[in-house]
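The two complexes that follow have chain A in common; it is paired with chain B in the first and with chain C in the second.
Moving on, here comes the complex of A and B:
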């Protein structure tokens, strides 16, 4: 109960600390406004116009369906990558041989540009949802895999020995020893993967789909509508910022608190 | 700022300057804080009489608005800056207090500046040039007196005050260059307001560390207040950027974003102050209110610039009446008493005065909104502003013009203060 109260009590302070981020974003908008004044509205519309366009898109009901489609694809691909990457990564981390073998494969996966996977996916899945989902999966998988692998490999062997000496039950070993440590590696990897997923899905849609934010971007590009293009970009970046700072960052702080307490 | 007794403190200190026997010259803040309070009350009374009843104002280049802004920024504001700097810099740097003779000269320059500027409409260019010389000599004198100790400080942590004084000298020079050329010098006054806001942020970080932490100690809370430099620097950078853009491109939307950035950075700065109930004691709350009003002022300015709507003047007056007024009032009361050898004034008139100044800021801001009964609100705002400063002059006159009761000399803090 006290813990909950302390946690709830920390929320206003956390939200208030967001003013620093708001200040830097406003500085960015000021630079944007300045660049727009230099290059003209055709090249770079000013932020107010872009936000007005975005507000228009949201009000007309055009934005939410596209964002929902994009979010569904990104999250499906991300969920698959999280499931496969976490499990396989942890399994690979448990065995020295497996992790030795996995390293070069991960390098291959990481080294292949997402655009190459996209081309393959278009050949394999055509214009279906499969193309963006697969591309997202392939782009996110190695990031999560490496996180899980490192989390498992860096487990303190003394702690493992101690758990064996005290004959900790398997359940306790998993939840009190392995998971907290592994999660502190996994969670940042998931967040990085979320950012990747969100970017890659828009790219995949741009080239392969008829709906979603990426497709809307392709349309606004073909109309030479810079304001709409920037409005869609702001929608994508804005939603990612919101998810990251309002949802994931607080969870991350909560999960990593044991580390700071240690010191 | 109350902590360290200055090196000047000592039984024989007042004997060294027999010509300066009058206790008004004991320390730099004494004449200048009186000037500040008296000019604050008088200038706004005159302005209110002009707005409400058409009472004549001294004719100056640029018209009544320039007179109003010039007097309140280069008269009232500069007097507060001079008084604070003359007292705080020797204390912060651990150097000797400024001697009575230069204090008297600087005070004379301030009075000369008032007289010359007020007469500049009738006497023309020579009076304006004299006013320019007086203001620049005042700032130049301050810099000449305070630059050596600021520079000699081993870590040079207080150099920001030197840059602030130099920037003020720069805007004064700019103002009079334009005024002497017959151009409207108003933009320099706006720039000066930006400089003052930065100076407030710098000075507040020094004052608040002691005020807020002593409030926390009194309550016995376990938290500690720290004015963190990165947040402060962000706020200063945003304010400086906004001021520069306003100077070169007044009314531009880019200034609106920068003003909003300044508002957000000031809100960010406030998070240092979230120390629990100790914040609600009068001294911390007064200083905190300065940041709240400053953030509100820049926020309103930003929104007005971005939406192209009304309210720019409302934001400006939240900065001048609110942030500047409240900060000056707080510093006058904190430093003015401590360095005259008295404990802080814990009577009721003091927070009431602070509340009146905040109310004056809100009333003045409200009067700038479309459809508001502007004349009545402005009159009420003028009254709310005048009372606290008049009361300060009334209460503090005997303290500032008589010898210290505790027998200590110069600018030293009160005797019961634990000295570092």
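Moving on, here comes the complex of A and C:
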């Protein structure tokens, strides 16, 4: 509850501090506009056209259902990866043997291209939701697992001794000792995984699904509709930015208040 | 652990040895700590003091010898404050109470009370440890141990990083608390003078392998020792060949045994200065 209040209360000041980020986004738009002037509208339509197309998609009601489907798949896969990755990563971090054994497995998982998993997933799950969800899960899991593992392993052994001496029960060790430390490793991993989820889900949909943003992209590509393609891309990237900067970043700041000297 | 802890508990260590791989760090250590007594282990760095303390605290597994700890509520104060950086000072002090299942309101009230005693104000209690100075953090660590109302306090060079004034304040706090509660203290230090200021019994350890080479019991209670007595006793203890050898000091020279060891100390009490240590004063 406190977290929610802090989150809501922090939004205005936080948004105000975002002007720098907004300025850099506008710089990107300017470069985009410049490139479009050079290459022509067929290759790269200018931002105004793209956003008008996006607005058209939203108004016609075509955008929301597709975005909702995509978001559902991405977030399902991500949620599964966060749950499994965080828990297993922390468990592996507690034991030296487990972390040594887990390392090469994680490297294998990280090194396998998502597209390879996608092919397997298509063979296993067909055209169902399972394909994008599984691909997202597999792409995100190792990132989160490593974050949790690192976090658990790097906890100061002095603090562990302290916890032993003051006879902290297992529940307190988890909530008062491990979690606050591990969270500072987990949260960045979650944010990275969120970005990965968003990218991978669109790729998976493009190749395997009949709905979702990826499928819509496939359609606009077959129509050679560059403006619509870019409009869909903007929608996906825009929603990612919104989730990351409006939701996760303020929570992270609140959770890590003890690190900062100010505030 | 055993049945006799109902009255006069004691910590008894007999023939305790410990080795890391092939390196013996403790060799047949014997010591007894009775309730309400202060025992100081003094020795050079690397003589196994911390290992011995960790064995007593149950942080290491005993390899050989016996260790019977009859105290029911031991607490430890480490060399570093070891406060949880993500908890406020108040919550840090209360952590042992929380572990013992004390209700939130009560444990915070007790943390506040003991925090005041060791000189932490409300502002400091509400802050995260990174905002506190080293001295404040040490106070918080002392408070965290004392709030449990322990019957045995194990301390590992707790005041080593503090300046002389802070050290003095915390020594006084500790002695007051110790005398009031009949607390048994096992304290590790490499500072001979600190040991003599606080302890009833001083055990001097030597390194390689860690063993006790000299035992010394102080006749006066710690609270009645003044600076002069402390300086004098320190100087006397430094004459003992075993003690000098343990710290790697050269054998006592003639001039030193005259008592002119501490010429730099200004006279704290005019006539009773360490420059005249042979003069029998009110103590010893």
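Please note the rule applied: the second predicted complex is superposed on the first by the 249 of 263 C-alpha atoms of A that agree within 3 Å, B and C clash if a C-alpha of one lies under 4 Å from a C-alpha of the other, contacts with A are read in each partner's own complex, and residues count from 1 in each chain.
Heads up, the rule we're going with is that contacts are C-beta pairs under 8 Å (C-beta built on N, C-alpha and C of every residue); 3 or more make two chains touch, one makes a residue touch a chain.
Keep in mind that what you see is a predicted model, and the values were worked out from it rather than measured.
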| item | value |
| --- | --- |
| Overlay on chain A: chain C relative to chain B, clash or fit | fit |
| Partner chain in contact with A:37 - chain B first, chain C second, else both or neither | first |
| Partner chain in contact with A:176 - chain B first, chain C second, else both or neither | second |
| Chain B versus chain C as contact partner of A:161, first or second or both or neither | second |
| Chain A-centred angle between chain C and chain B, computed on Cα centres after superposition, in steps of 10 ° | 90 |
| Touching partner for A:254 - first (chain B), second (chain C), both, neither | neither |
| Closest Cα approach, chain C to chain B, once both complexes are overlaid on chain A (Å) | 17 |
| Chain A to chain B touching residues, read off their complex | 13, 16-17, 19-20, 22-24, 26-27, 29-30, 33-34, 37, 46-48 |
| Touching residues (chain side chain B, partner chain A) in the complex | 231, 234, 238, 241, 245, 252-254, 257-258, 260-262, 264-265, 267-268, 270-271, 274, 302, 306 |
| Complex contact set, residues of chain A against chain C | 158-159, 161-162, 164-169, 172, 176-177, 180-181, 258-259, 261 |
| Of chain C, residues touching chain A in the complex | 54, 57-59, 75-76, 78, 80, 82, 84-87, 95-96, 98-100, 128, 130-131, 144, 148 |
